[in-house]
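Each of the two complexes below includes subunit A, the first together with subunit B, the second together with subunit C.
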Partner chain A sequence: MEGLLNVYQISLLTTLAVAVIMALSLNLITGFCGQISLGHAAFQGIGAYMAEILTKQAGFDFASATLIAVLFSAGIGFLVGLASLRVREDFLAITTMGVAFLFVGFVNQQPRLGAEEGIANIPDPGLGATGYMVMALVLALLVALFSVYVRRTWLGAAFGSIADDEDTARIVGIDVARFKLAAFVMGTGLAGLAGSIYAHQVKIIQATDFGFIPSITVLSIVVFGGIGSIVGVIFAAVLLTMLPLWFQFIGDYKLLFYGGLLFLMMRFAPQGLAGLIRSGLDAMRRDKRNDARVGDAA
Partner chain B sequence: MLYVELFVQGLIQGSIYALIAVGLTLVYGMLRVLHVAHAGLFTLGGYLGVIVTNATGSLLLGLLVAMVVVGFIGVAIYRFAYHPILKHPPFVALIASIGLYIAMEEIFRIIFGPYGLTYETQPLQGHVAVLGMRIKIAELATFFGAIVTLGVLGYLSSSTRTGIAWRATVTAPKMAEAFGVDILKVRYLNFFIGSALAAAAGVMVALLNNLVEPTSGAVPSYKALAIIVLGGLGSLRGTLVACFALGVIEAYGTIYLGWLMDRDAIAFLFLILVLMIRPQGLFARA
Partner chain C sequence: MSAILNIRDITVRFGGVVAVDNVNFDVPDGQLLGLIGPNGAGKTTVMRAITGIVSPEKGEIRLNGAPLHHLPTHQRVRAGLGLSQQLVRPFRSMSLVENVRFTAGYAKTRGPLGALVALDRSAEARRALELLERVGIAAQADARPDEVPLGVLKRLEVARALALDPTVLLLDEPLAGLNSEEAATLADTIRALNGEGFTILLIEHNLGEVMRICDRLVVLDNGRLIGEGAPRDVMAEPTVRAAYLGTEASDAAA
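Showing the complex of A and B:
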């Protein structure tokens, strides 16, 4: 394996795995349930800081620290979801935006969490760079399979019906609030997983790594790929993580790029890349059928 | 005496929130769109106010130019950004709005530079003594300006033909249309007034802080979003009460809870607590 990939490629693949997990976890919330989270990166941050406290300051091993971090982010997600999901969908967008500001504000004032300088020297999980990359990729694959599983089972059917039409879902007896909360808790827990993997990969974290702009970046990925489309979202996560590396100006004008992308996608193609491809295929099929009919007539 | 002084400071802050939140409530009440890009209009108002005031020496002119120009930009945002996507589920417009806002932040940075602008000679910096307190004239002007503007707006909306058509459109758009109200015109008016008020708030905040920078709008308008939730989403009266309540709570909170959290965190905590206890907002009927 070492012969195949250099150090840079190994770290890049690990980064991509984290990006995919983040995007899929937000996709569980936004895509399956029609909920917008504007502070998703904050839950990644909660996972990252929790895992760091456990491995660096309390001497836990990586696996159990990660598990606790996932449960902890999901727990915070439960509280935020409980406060905001009971009445109308718009509340979650606002409270999660608040979470994004609050997380950065809170961590920056805690000396134990490294305040504004952040935390460095997070312990190595001891898997080696290649082993760690393989682990991250396997976890990303598992999250993708989990997404497919959720969509295929009755849970997914319920989520989909809520995203499509909340009122009808309620009439046919789906406890809408409970399903939304379930989706939000799963999504925030998986964001915590991404946080722990990220923290133990880069080994140095700062609160602003998980602020409002990173949250918007994840949202851009999900929107670009096509809200709800698992394949589309994975593709978008890889592409939008690579683009700033290929083109310097995207890194320099990040806000303009992601903001413009969000706006233009919503304005002209709210179904995202997946939707564009789907309607493109449909159009091609229709053309073929029309051609065949023309052929018959002749 | 400290209590009274904090209360007055809270009211002044509340009047700024009111100027920002009224536009948001109008848009939400009418279109069910959380208009995050409102924050960008607030910041743009601040920039235009500072630039025109510095060029002409007249704050009043700066305020007027900012309000009119930003008002028209608000209408353009409705026409070209929101109007074509209203048929989609509400999150489509919300995401478009967020995209628009953060793109605007970067555009301000590119055009006006990253470090912000200040007034060359800062107007209205004198103090007056009221009940033994020294209050800045700029603060008084902000407070009374907001009260008078909102009062006039309230009067117009309840006693003129246009105002009544406008309120009818908010409560029952289909019915209003059936009675011959031109809904599109009402929406334009709505965006013009809301955006002009946000611009006025931007000019006054730039005056009070003597600074306007690309990210100026982020925190005030995040709070304005929280306020319209507190006020019961779309209720103008609830929103105004929530504005002043939050201003006062922040003023006391910064003194008495400052060791625990900062001003912005207090606003957020208040929001979460209210949503836990009264999920429909402070003043809405359940």
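Showing the complex of A and C:
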């Protein structure tokens, strides 16, 4: 495969796999269950730092470090969710925004975590660049398949009912707080997975890699792709990760670009790309039906 | 008939206003009980106290002898309450049959872990179609809630409540907003459900239909229980007449 892809392309595909896992993990929370998180990247950061501590500072192998990082992110997600999901519908957005800033503030004060300079020389997992890329892509695929599976289960249906109307979900016997917490724990755990893969790919991490702007970026990806749509969100993750690489100015004005995109989508196309395509198809089908009817009349 | 739902000394206060004042009544097993009263009498507040949407300041609510009043809404529903809401609240992302199918899967949505390993929907789908047929809207099974008139959504609320296999069916103004023909048909359906053995607590403004289908009435006015008994006897009581005529008079003035 080395012959097929150059070093840059291998690193790009690994980056895209991480972006897809991040977007799909937030999609579980925001897309499936309707809960807004403004600090999702912080959970990626928690996974990244936890995995780094384990591989670089404690000598764990990559696989066990990643597994523990996933559980740890999910655990922090559980605590944050427990504190905010039981209170009020929109409280999670506020709390997670707090988490986004708290994470950066906390890490920047910890010499053990490299403080503001960050951490370099994170150990190589020893799979080679191509092997690592394949692993990342396989994990991204597994996360996508997991999303498809969840969507088909009664859990997915319960998430959907909560995203649709929390009060009605309660009336039909759904323990809304518990299901929201489940979505949040699953999503934050998978963000931790993305964090560990990211840390061992770039091998140098800083708290700001997981700050407010990356959180808004991943939220705008989910909204752009079409809240809840697995294919749409994967497509958006790839497109919106590539765009700043193609167009330097997008990289320079990230917050403006992603913030603006978020605003425009929420204002004009709240169903995202997937929604636009769906309504486009519906319209085409309607046209066809009308054409047929005109044909019948003639 | 033994009482299946007991409402004991329920008092609900909103700020300084007493919305429900020491209300007591029982819903006997198998009865179709009408809870009526003029606007602002506290009927919906009593219903909300039963479902746990408002917390009474004092009092007890028991279902089959077990206290409900400390439980959150979803646990009361799982204990055996089936609620059809006054303002229709379908899941708008689901078709009518999906609304009922999802609700009929209540045993599979008890908790997230069990729901994660539950895939099969065929039994629930069959049950959902049966229930839509039962309330007379099977023809619109695949329609979206936005595509059907209010009368259909009112019936959907009832079908969804039935999907929970409730011990007591709570119907909050199921006839409101329907024309007289639709109201009469839905009232017939409610009567028939009661005939099949469902215990029903019905809140309703449509006195004509209430008088026609209910076994017994409980009348509230200004948060107090002012009458209770067989429909004709209750409506003949001077206090009840005064409460209704008083409202009508003030309505006319307004």
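Just so it is clear, the second predicted complex is superposed on the first by the 298 of 298 C-alpha atoms of A that agree within 3 Å, B and C clash if a C-alpha of one lies under 4 Å from a C-alpha of the other, contacts with A are read in each partner's own complex, and residues count from 1 in each chain.
Here is the rule we go by: contacts are C-beta pairs under 8 Å (C-beta built on N, C-alpha and C of every residue); 3 or more make two chains touch, one makes a residue touch a chain.
Keep in mind that what you see is a predicted model, and the values were worked out from it rather than measured.
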- [ ] Could you look at A:105 and tell me whether it touches subunit B, subunit C, both or neither (first, second, both, neither)?
- [x] first
Task: Residue contacts with subunit A in the superposition, subunit B compared against subunit C - done: B
Task: First, second, both or neither for A:219, with subunit B first and subunit C second - done: first
TODO: May I ask you to decide whether A:175 touches subunit B, subunit C, both, or neither, giving the answer as first, second, both or neither?
DONE: second
Open item on the list: Quick check on the superposed pair: does A:34 touch subunit B, subunit C, both, or neither? Answer first, second, both or neither.
Closed with: first
Open item on the list: Once chain A of both complexes is superposed, is A:158 in touch with subunit B (first), subunit C (second), both, or neither?
Closed with: second
- [ ] Classify the contacts of A:261 with the two partner chains as first (subunit B alone), second (subunit C alone), both, or neither.
- [x] first
Open item on the list: Looking at A:150, would you say it contacts subunit B, subunit C, both, or neither? Reply first, second, both or neither.
Closed with: second
Open item on the list: Touching residues of subunit B toward subunit A in the complex: what are they?
Closed with: 32, 34, 81, 84-85, 88-96, 98-107, 109-110, 218-219, 222, 225-226, 229, 233, 261-262, 264-265, 268, 271-272, 275-276, 279-280
Task: subunit C - residues contacting subunit A, complex - done: 51, 72-75, 77-78, 83, 85, 89-94, 102-103, 105-106, 108-119, 121, 160, 163-164
Task: In the complex, subunit A residues that touch subunit C - done: 150, 152-155, 157-158, 160-161, 163-165, 167-176, 178-179, 181-182
Task: For the subunit A and subunit B complex, residues of the former touching the latter - done: 30, 34-36, 38, 82-84, 86-91, 93-95, 97-98, 101-102, 105-106, 109, 212-213, 216, 219-220, 223, 253-256, 258-267, 270
